[in-house]
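In what follows, subunit A forms one complex with subunit B and a second complex with subunit C.
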Partner chain A sequence: MPGATLSPWTMSYFAAACLFLIAGESAMVGGYGYPFAAVEAPATLALVHVVAIGWLGLLMTGALLQFVPVLVAAPLRAGRLALPALALLIPGLLLLVGGFTALGGAQGVSTAMLPSGALLLAMGFGLAIIMLAATLLTVRPLPLPARFVAVGLGALIAAVLVGGAFTLVLSGTVTNYAAIALLLKGVPLHAALGLAGWLTFSAIGVSYRLLPMFMLAPDDTRPTNRAVLWTGAAALAIVVAGIVSIAVDSDGMEEAGSVAALLAVFAALLYSADVLRLFRERRRKIVELNIRASYAAFAALFASVVMFALPATRAAAGEGAAALVYLFVFGWLTGLGLAQLYKIVPFLTWLECYGPVLGRTAVPSIQDLVEDKRASLWFFVYYLAVIAATFSLFAECPGAFRVATLAQLCATVGLMVELVRARTLSSVAAPLRLPAGASRPHLFLPISRPQE
Partner chain B sequence: MSEPENATTCETIRDALRMIIDPELGRNIVDLGLIYDVSVEDGRIAHVTMTTTTKGCPASVYLKEAVRNCVWYVPGVEYAEVRLTYEPAWTPDMMAG
Partner chain C sequence: MTVETHHPAPREFDVRPILRSGGEPFQAIMEAVNGLRPGQALRLLAPFRPQPLFKVMEGRGFSHETQEMQGGDWEVLFTPKAAGAPVEVSADADNPDSWPDPIENLDLTELDPPEPMVRILAAAERLQPGEVLFALLSREPIFLFPELSKRGHQWAGNFDETRTTFRIFVRVGDKG
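What follows is the complex of A and B.
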């Protein structure tokens, strides 16, 4: 049967990702990293990687293991690599973070942990890429949403390689000029590859498939969908060319950054138009909470990209346009991630628990696994807090930033509790909770009956 | 077994299948238009052609199995064959009401 499998380790990826998000947000509340330290300070680098790799990277990898088979209607290839990948990624990240703290003068850690961590991360992401790319390669022609993921995986490879080169310089392992120049000039490009390339491209691709599915909107490929792909890919190609030009000490790409930013704005505009059209053309009148929360994330994407392209707002956004990067990471990527988790976790839990007894007995609906009233309050607080934190960074007011991130942390924890309640079937009325033949899902360990 | 009796069994099967909900949409699969065809031979051999809202959806295997189980429980049915197809692909226009 095409693609009809549950990814056994996806929930474990999600659980680890959620823990890293809470750790990252707690660190911000505690005054760790920017704006309490410089953007390039080791503390900021540690924090950024906890969020970018620990939260967003693991979340996206876990989600893709489940949804790439849906995008291509083919089973996941080499799925047995999912656990080894996770087992490499987590210690890899911890070593990387340890290495960053060593750069900041922490005792008991060493900068040698940086390349070691990068190696484990490269191996872990390498295994994930093998699974996902092998699955994508089974289908010709590749559906458009899957092409976004393919570009995203390409950007991931580039981001990992560039990040690995950085760790070699930072640890003193490599001292050649090209590598040092890459570190000095290439950090924004590394961030663009990771956040805009790998994470955003993959998120857009999956959204082109899931939004029509959740809203019953037409899922035919439109010219604007293709334009988003090609425009975004062109922006990424400029980023890659920029990295190459730094490495070979060429000045040819000095002005290309603004071209890439303009292309990114164009892609964001087209994508915004696409998601608005999907909303307008939906056949499902009820707009579920995960969809409402996703559209808040789309607004954050649009706002952050447009403001990044405008010189005045970019200059006002602090060191390295930190306020806009914050809005992009927590408004767009994290907002979308939390919104989709709120749908995907109950969905997978329902399949795991009630799928095997479907047709034999009455079962609850997916909606019965969640409590929208409470969760909508948490999403409201979350986005309000992200907006407040963004403004506090614009206003260079670290005190207000801490208050805002505390509210953001509370909302995040609130949403995590809702996810745990969904996993434990806590909201399901007792008579329907565990019908005969159904088994209670584990909180985050693999499903008890993997479908192969 | 006469044609009217086969038709009656078909209706009974369709009614029974209404207990199966699509997990994503929360509506029963008959009203969603996911059951393309039900036919019965000799009053006891049932053939069901069905689809799912999304090709490759992880729920597909469970829905197909659920339909098979459900049809088996219909009184008189001794054999149930369920075929999953994506030709034609399901569209929201196929929903009842």
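What follows is the complex of A and C.
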């Protein structure tokens, strides 16, 4: 039967993701990782994975469990794997981070935690991929937004495999030449697969469906949508080819990196044009806060990709173009993630709580679950802080970076409080809060009401 | 899941009385078109060959066959082209063709989500078991479907030929 039901464990994924984001930002405020350590230092690696897997990976997985069924208008397959996947991912990440700190000389941890963490992560993401891929496979032909997710899942598999190979070398389990070469040269490619392949592709795919839904804009497939898919996928294919060429020790992929970057710029330009067109063609004149905050994230995507492609700005961005990676991760991916959470959490909460009594009694509107005025201030502070942090990385000014990330952390916590208030219905006026028959949502656990 | 393979009988609409009384039938015709079941044809009876309507109906995805009747009146059969989106039905929808005509018609195309969902569920509460309501929406109501099923209502719906309007019939169930 068509239709989408509530994904029971999505809120648990979101809650864990938010905690990892706060942990990651707190670590930066505390001077942990880059720019206080080298880009390749164990502390930086630990921090990067807390943000990339703990925050962004869990957020995206939880969101896809809810929205892939919306993309393909079919129910989620094998949904019972959602909780085991989460139960593998969290300890997997903690082991991985423990392994990185062991590399940095921390006591009480061991580098053997790296491959075991990677194994748990591979199993956890494997279960998630089984659920999502099985759901995608039920629909033919696959709608375009779902194709982006399919490519994203492919990139996730590649990123996990390459990362797993790294952990085998770092822990000393494998000393084979190809694996060592992969670790020495392949780290940027691993990052590209994860951040640009898995997270960005999936986010773009979901946005092509959700933006028209939220703004009431036409959601017919345009040639530019397809061009974004193909140019982006071509860039990813070059990245994968680069990894293979390192592993088999062949030359000739050195130049390909700039081709991939060029393709990525082209895809980002087309995507920016698409989201602007959706905005212009929207039928809903009110522009909600989550949409405004999402467009700030699109601007960050555009700016970071263009500056990455320009040799001058890329060189100025520090080791490994750190300032631009920061803008990409916190401006684009995190900004979009927070903006969408601000829409999705109240909506899912509203549906979970008031769904059973809709049409039978008066219920609050979704907007009543949140306080837009406060939240818009937090979003404003958040983006301002991200811009300031990016500039401070360009200017190689770690002190300013800490101040900026402190502001960013405060804004993030502020937004999390808004989400918790939405979950607990704290902003809803008491008479409307819990009409008879409505079910009070738990903070992050599913209600044990039978889900169809 | 029950999927209807045959099409429901054409709906007949006679504009001759409207024209005789000096009325303008266009709006009434469009309402009749909006009320068609997915896949259902419209048989129009008119005192002249309604040439301007052909273009309009073409745009809505209908082909036409005309036939002059005795007395100079015309019969036009507007048949939806196969290109219309396939009809989706709830798991328990037994033969939507046999459902009675809707007693409530809702045009929810101008409402922001989730208001259409609330209106449809509220309308279903007002109806008696077995009665049918019809609604037009600007989006496929994917979160409404499970809620209807949970309440024991059956539904059948699809996008119109232009893919801009979703049409849904809901038959109120006993548990409702």
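We take it that the second predicted complex is superposed on the first by the 449 of 452 C-alpha atoms of A that agree within 3 Å, B and C clash if a C-alpha of one lies under 4 Å from a C-alpha of the other, contacts with A are read in each partner's own complex, and residues count from 1 in each chain.
Throughout what follows, contacts are C-beta pairs under 8 Å (C-beta built on N, C-alpha and C of every residue); 3 or more make two chains touch, one makes a residue touch a chain.
Bear in mind the structure is a predicted one, so any value in this text is a computation, not a measurement.
When both complexes are superposed on subunit A, subunit B and subunit C clash. Applying the stated contact rule after C-alpha superposition, one finds that A:A73 touches each of subunit B and subunit C.
Put subunit B and subunit C next to each other and count what each touches on subunit A; the higher total goes to B.
Looking at the shared chain after the overlay, A:M213 reaches both subunit B and subunit C. When the two structures are aligned on the shared chain, A:I366 is found in touch with subunit B and with subunit C. Once the two complexes are laid over each other on the shared chain, residue contacts for A:I291 go to neither subunit B nor subunit C. Overlap of the subunit B and subunit C interfaces on subunit A: residues 1-5, 69-70, 73, 213, 216, 283-284, 347, 350-351, 355-356, 358-360, 363, 366. Residues 19-21, 23-26, 53-70, 73, 84, 86, 92, 95 of subunit B are the ones touching subunit A in the complex. Subunit A makes touch with subunit B in their complex at residues 1-6, 66, 69-74, 213-214, 216, 283-284, 347-348, 350-351, 354-356, 358-360, 362-363, 365-367, 451. Contacts from subunit C toward subunit A in the complex involve residues 1, 88, 90-91, 112-114, 117-125, 138-140, 142-147, 149-150, 163-164. The touching residues of subunit A, when paired with subunit C in their complex, are 1-5, 69-70, 73, 213, 216, 218, 220, 283-284, 347, 350-351, 355-356, 358-360, 363, 366, 452.
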